[in-house]
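Two complexes are shown next, each including chain A; its partner changes from chain B in the first to chain C in the second.
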Partner chain A sequence: MAAYLVRKLLLTIPTILGIVLITFLLFRVVARDPARAYAGKEKSEAQLQAIRHEMWLDKPVWKQFLLTTVFQFPHSMRYKESVWTLIARKAPVSLAIQVPVFFIALGLQLVLALFTASRRGQVPDYLVTFFTVLGMSVPPLSIYIASQWLFGGYLRWFPVAGWSTGFFYAIHFAALPIVVSVMMDIGWGTRFYRTTVLEEISNDYVRTARAKGVQGREVLLTHVLRNVMIPVVTNTVVALPFLITGALLLERLFQIPGMGGMLVDAIHTQDEPVVMAIVYTTAVAYCLMLVMTDVLYAWVDPRVALK
Partner chain B sequence: MTAITHDLPNAACADVVPDVPPPGLQETPRTLWGDAWKRLRSSVTSQICMGIVAIYVLVGLASLLPYFDRKINEPWNQDRTYAPPTLFTHDAQGHRHLAPPALWLGLEFQGRSVFWRVLYGTRIALLITVCASILSLGIGTVLGVIAGFYGGWIDDLITWLFSTVSSIPWLLLVIAMAYALQGNESPQFMQEHPKLQQLFGGVTTVILALGLTDWVNLCRLMRGEVIKLRDRDFVAAGRTMGLSNFRILFRHILPNTTHLIIITFSLGAVAYVQVEVVLAFLGLGITDKPSWGKMIDDAKLELLRGVWWQVTAATVAIFILCLALNILGDALRDALDPRLRGVD
Partner chain C sequence: MQKVKWIFFGYLGVVAAVVLGIAVSFRAAPPRDPKTLYIPYAGSIRTFDPAEVNDTIGGPLVGYVYECLYNYKYGVRPYTLFPELAAEMPEISDDGLTMTIKLRKGIHFYDPHKQVFPDGVGPEIKAGDVIYSLKRICDFNLASPNYSAFQGVFQGLDQWWDYTQHTPAKEIDWQKPIEGMQAVDDYTVRFKLTHINPQLIFHFAQEMSGIVCRKAVEYYGESFRQHPVGSGAYALAENLPEQRLTYVANPIYRGAPDIDGEHAIPPQDPNHMPHIQRIELEYFDEQLPVWILLQQGLFDGLSDVPKDSIRGAIQSGNLTPELQKKGLVLNKVTTPTTDFIAFNMKDKILGGNRPLRQAMSMAFDRKNYVDIFQMGRGLPANGMIPPGLATYNADAKNPYTEYNLSRARELMKEAERIQGGPIPPMTLLMRDSDTLSRQMAEYFCSQMAQIGVTLHPEYRDWARYQDMVDNRQTQVFDAGWQGDYPDEQNFLQLCYSANIPNAGLNEFCYKNEQFDKLYEQAINMQDTPQRRALYEQMEQILNEDCPAIWEYYIVYFTLKYDWVQNSHWMDYGYGLRQYTTLDSKLRLKRFNEGDFRK
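Take a look at the complex of A and B:
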């Protein structure tokens, strides 16, 4: 097991190098001069030079490369703070919304998946499939805007936008984004887990259990659910980096000061260090989470590690 | 002997002509494509979805006419302000007339007709989908087939490439690419041909951002399929006959993988239309022409003032197209990939 982990980690090194390469290619080669992009058209050459110095653009290329690889980034141009300080301040806000959304959505997805898989081909199955396909076809932005208007502006059950520190006030502001996010996420997850459950049910051991006389519900909950947890856990682990990134559209629309909102603002203000830092960090985190997924898979199913 | 034949109950037996084969053996052979088309045609939902997609394509092609370019920009009247959707107007005597099409979906904040803008948005959406798909399917196919067929260090290199690109979450990669490409001047050849410039305009950023990032899935699928196919007998037979690698690839292996391309295309189309909305929201998408994403983005402040028609029109347009493509994609997958049937 340890050998498997080490082997997988070593294999990620060329991938991480590739990520640095791609990030650099995108932000330094393909993009036009980041300093001019930030400064706009009016600045003089001297001011441009100062901005370049702040963005570390005057350092030799290999040094910029190295610094990026070890997660050292220049200060944000807009906030004049280290990117990590900003992340430390904004990530908890994003997490405060994404973590409840994730677990509530997961619970609902599993319940719906088990429910529709056990009633395959009947009316509830068709209804749920119908609504999930509907949900996947609507652009999420429209749902966010519409629910902001409906629940915030028209019914006035929730505030339209905003945030506040302090736990009880924050719930007031977080409720609508959480509800809307859960509504959007259920569709895809239910379909995916339903397929997984159906594949699981077609196995021989389920037929054996039923032949032994085990009730349908017990078969589902005791046997099938355990085996379905493998893809569920792998999905969970892979989704972790996105919890921190937060939902870009959601945070911008509801004026939530999380990491997603920070990324959107950085894009608007051409704050290149922040954009590059978030893209690179999220990519590396995602890569490491994939390794974790492989290891978890091997731990649950030891045959995988022998390949 | 003759007495026995006269005793046969069915005298028609004597008329049997021995040359005609019995009915069961005369069917035309079934091919994957014929079979798939029959399946697609048989279901009513599939037919409706194909019809819907065909309507969208026709509208998109129709909006290439210069009539549309004028209509999306001209304000309806001097007021240059909102107007709700109106189907009927009343004239001075109180008679009811059908309103002109420009008013059917209302006017947006500059007095321009939502109806024509939604129809124009179809063209932008189709342009993005087709061009980005050509790009991503092209890259994915070429790299996947080369990796699968030749193996060795080429395979390792391409595998490293797509592992790396797929390690970056796709939405983030699209945003990063669109961010990097924004503000770049159009390529030289486009500035020399004003007609191309007019056709594409600000759409190139989105096309490149989507097309250059989405090839990984297809690459993986193609590589897997080609690896399976290259050990088959027909490839060995081709080599024995002296066919060049190129010919084997093009004439024998590639046609066996086109079902993957079609399925990936239908799924990708939905994703491109949806992500274009996100890019428009971030300001990285199309800025000068009305695309559906831009209309939704413009409308986000309007809604709080009670102006609902622009966002509704764009949302419904996207929704119907994506729904039809989703259902069609499912049906295509069922029709073309026999292994996926039965699991739903």
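Take a look at the complex of A and C:
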């Protein structure tokens, strides 16, 4: 297993370098001179030279790329701070929203998937399917704005938007985004896991278990659920790196000062160091999580062997 | 089975805890203080360092804390300068090349966090601080976006720039003299200029020229930009990026901007400023939440009614009775900003064809454009010079800014004769690719199609757009200019031919010898009726030549509750909040009577 892990980890290196190289080149093509964008209209060549120096654009391109590969970035020109300081400040905020959303939604998805699959073709199945499809069909932007108006503006149950430090203040502002995100996330997961559960239910071992007199709920929770865990693990582990990057639109609309909003702004203002750092971090985390998924497969399903 | 059950119940427990936490947090809303002014701000603030600030959002926030040599008299029109840290208006030598400025006495820096100075009271502001602050703007290592304002203005400044470029930041000798900046004594600064520059004093009244404390700069290093130490009416007590900025009254402020520190107004005197002791600015990039929060009374005012809310907020040019009843007051302010569609005069089709440019200008329905895209928040332009400047004349008739299709079609015949056939299709460059830009481009293209001019829109992000404009790779392009100071020269410089090379400000590549001659004559003059007459002549030339289609002047619909008083809109100036008062009794009354969020 150790040899397998080492081999997998080594294979991730060219993948990560490839991602970084593509992002780096994209910036060179799209933003040929970010110094001009920063300097604005009233600029002189001397001034541009100084700005390019600050952005490391006066270094040879190969050197800029090499520095990137060893996690060295110039300061963000938009925030005038180190990108790592920015990430350290904003990642916890994104996680404060995304972690509860992810785990609450995951649990509800599984419960609803097992419930609807076990009642396939019955009224509860149709009802859940109707609402999940509805939730998936409405654009997120409309749901965010409608919820702000309804729950924040009209009913005044939640604050409309905003953020504040301090545990209870943070929950106060995080509540509505969490609730709305959970409602929106339930749909696709329920549909996906329902299909997986239905596939499992039609397998021979389920019929055998039932023939042996095992109760329906026990078959679902003990036998079926365990076999459904492979796609659950896959979805869960590969989703984890994206929890840190936050939800782009959600953070923007609810004024949550997290990674998502920062990434949107960075792309919009061509703040290359920030985009590069986030892409790099996410790529590394994603590749590592893929390796971890393989390990977890073996743990969840002993039939899987790592060679 | 048991294990799965435990996991399931454990999970339910976690969900219950989260739900409970959310329920508890309902009561955890941050409290609102009736004596604090709450206002939203958009856009993240990257710096509080005056040398680095060059945007319209950060500028005013820096201006709460820092003071410059000069400022604008509050609420006075036409805009008039007064000495703030300077003791009097500058003394200018007969040849116009030496400017001597005396400083006020007894004004100290204030350090709200008491990190640099244990009791918070910093040193007195002296001539050396003024020179140090200006030198910082001209430090290569700082890469200040404001350097261009001073480049080539003071004698010896280019050598200073070269010196900083070739010296590591930590080894710079800040005592190294610059010929054009001299401290005559502790309270007198003398500037030697390379050329006559009547506009220089305006730069001394912009936030970028705020006087900084060297000890604070050296103490905080890079984080100085987050820890302002100034002498203004307010101090930044809390800075939570993209969340909240809290300003508190500077306890050692002298009470008014136009007096010496030695003649400070006692704090208990009702005339002592700032009148509001605490201001909280909350970061909101999106407009919908701000609009809801304003109506709930959680904000005291807005600098502009959100575009999407105008229809519901304003009827027949006034606020709806419902909003008026709440105590909201609408104020329409026209800003010195001109939006225009520019022509590249080096283009073969456009450059030599004045009737074509005139026809295109006449085929553009400005009023309709303002109604559709600005929801009425704009004033159709009749020239380049916007309101707020002395030579602006609302009644002036410019035949080429009037919507007149029949006359435009006549001009097109002449244009086609010059072209030697139909006008070939041209490109219209837009400075963004969002939906609004696309709609604006569609509108413009359809207007031009009325006279047989075909335009193909191209959408670029800002950096690429600027790159194309700088390299003159444009034909017709969307552009605009916001006035930096109340002098027509600030706008007219955009058409001066010396500003064409090196990606200069003359993006039209406009060249007219008569215009240049008048500009060179005017630029060396102080503000006199003769200079104004020259400015008017220059604008007439531009009206006739049409290097651009002058679209409209931007109007803001500002809103505030009536408990916020003595709050005047100023296009120029800084530290203006110190004049504002807050009637907390009226605020309380409104909250008890109206539909506000308690």
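Keep in mind that, in the parts below, the second predicted complex is superposed on the first by the 292 of 307 C-alpha atoms of A that agree within 3 Å, B and C clash if a C-alpha of one lies under 4 Å from a C-alpha of the other, contacts with A are read in each partner's own complex, and residues count from 1 in each chain.
The working rule: a contact is a pair of C-beta atoms (placed from the backbone, for glycine too) under 8 Å apart; a residue touches a chain by one contact, two chains touch by 3 or more.
Worth saying up front: this structure is predicted, and the values here are computed from it rather than measured.
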{"item": "Chain C versus chain B on the shared chain A, clash or fit after superposition", "value": "clash"}
{"item": "Chain B versus chain C as contact partner of A:Thr222, first or second or both or neither", "value": "second"}
{"item": "Touched partner set for A:Ala283, first chain B, second chain C, both or neither", "value": "first"}
{"item": "Contacts of A:Thr165 with chain B and chain C, given as first, second, both or neither", "value": "second"}
{"item": "Partner contacting more residues of chain A (chain B vs chain C)", "value": "C"}
{"item": "Which superposed partner A:Trp149 touches (first chain B, second chain C, both, neither)", "value": "both"}
{"item": "Touching partner for A:Glu54 - first (chain B), second (chain C), both, neither", "value": "second"}
{"item": "Partner chain in contact with A:Thr195 - chain B first, chain C second, else both or neither", "value": "first"}
{"item": "Chain B versus chain C as contact partner of A:Leu26, first or second or both or neither", "value": "first"}
{"item": "Touching partner for A:Leu253 - first (chain B), second (chain C), both, neither", "value": "both"}
{"item": "Touching both chain C and chain B, counted on chain A across the two superposed complexes", "value": "30-32, 37, 145, 148-149, 153, 160, 252-253, 268"}
{"item": "Interface residues, chain A side, partner chain B - complex", "value": "14-15, 18-19, 21-23, 26-27, 30-32, 37, 120, 133-134, 136-142, 145-146, 148-149, 153, 160, 195, 198-199, 202, 241-242, 245, 248-249, 252-253, 263-264, 267-268, 275, 279, 282-283, 286-287, 290"}
{"item": "Complex contacts: residues of chain C adjacent to chain A", "value": "1, 4-5, 8, 11, 14-15, 18, 21-22, 24-26, 28-30, 44, 46-47, 52, 54, 140-145, 147-149, 151, 161, 165, 225, 240-244, 282-286, 288-289, 292-293, 295-296, 461-464, 466-467, 470, 502-503, 505, 597"}
{"item": "Residues on chain B engaged by chain A in the complex (per definition of touch)", "value": "160-161, 163-165, 167-169, 171-173, 175-177, 179-181, 183-184, 270, 273-274, 277-278, 281-284, 292-293, 296-297, 299-300, 303-304, 311, 314-315, 318-319, 322-323, 326-327, 343-344"}
{"item": "Residue numbers on chain A that touch chain C, as the complex places them", "value": "30-34, 36-47, 49-51, 53-54, 77-80, 89, 100, 103-104, 107, 145, 148-149, 152-153, 156-166, 168-169, 171-172, 175, 178-179, 218, 221-222, 225, 252-255, 257, 261, 265, 268, 270"}
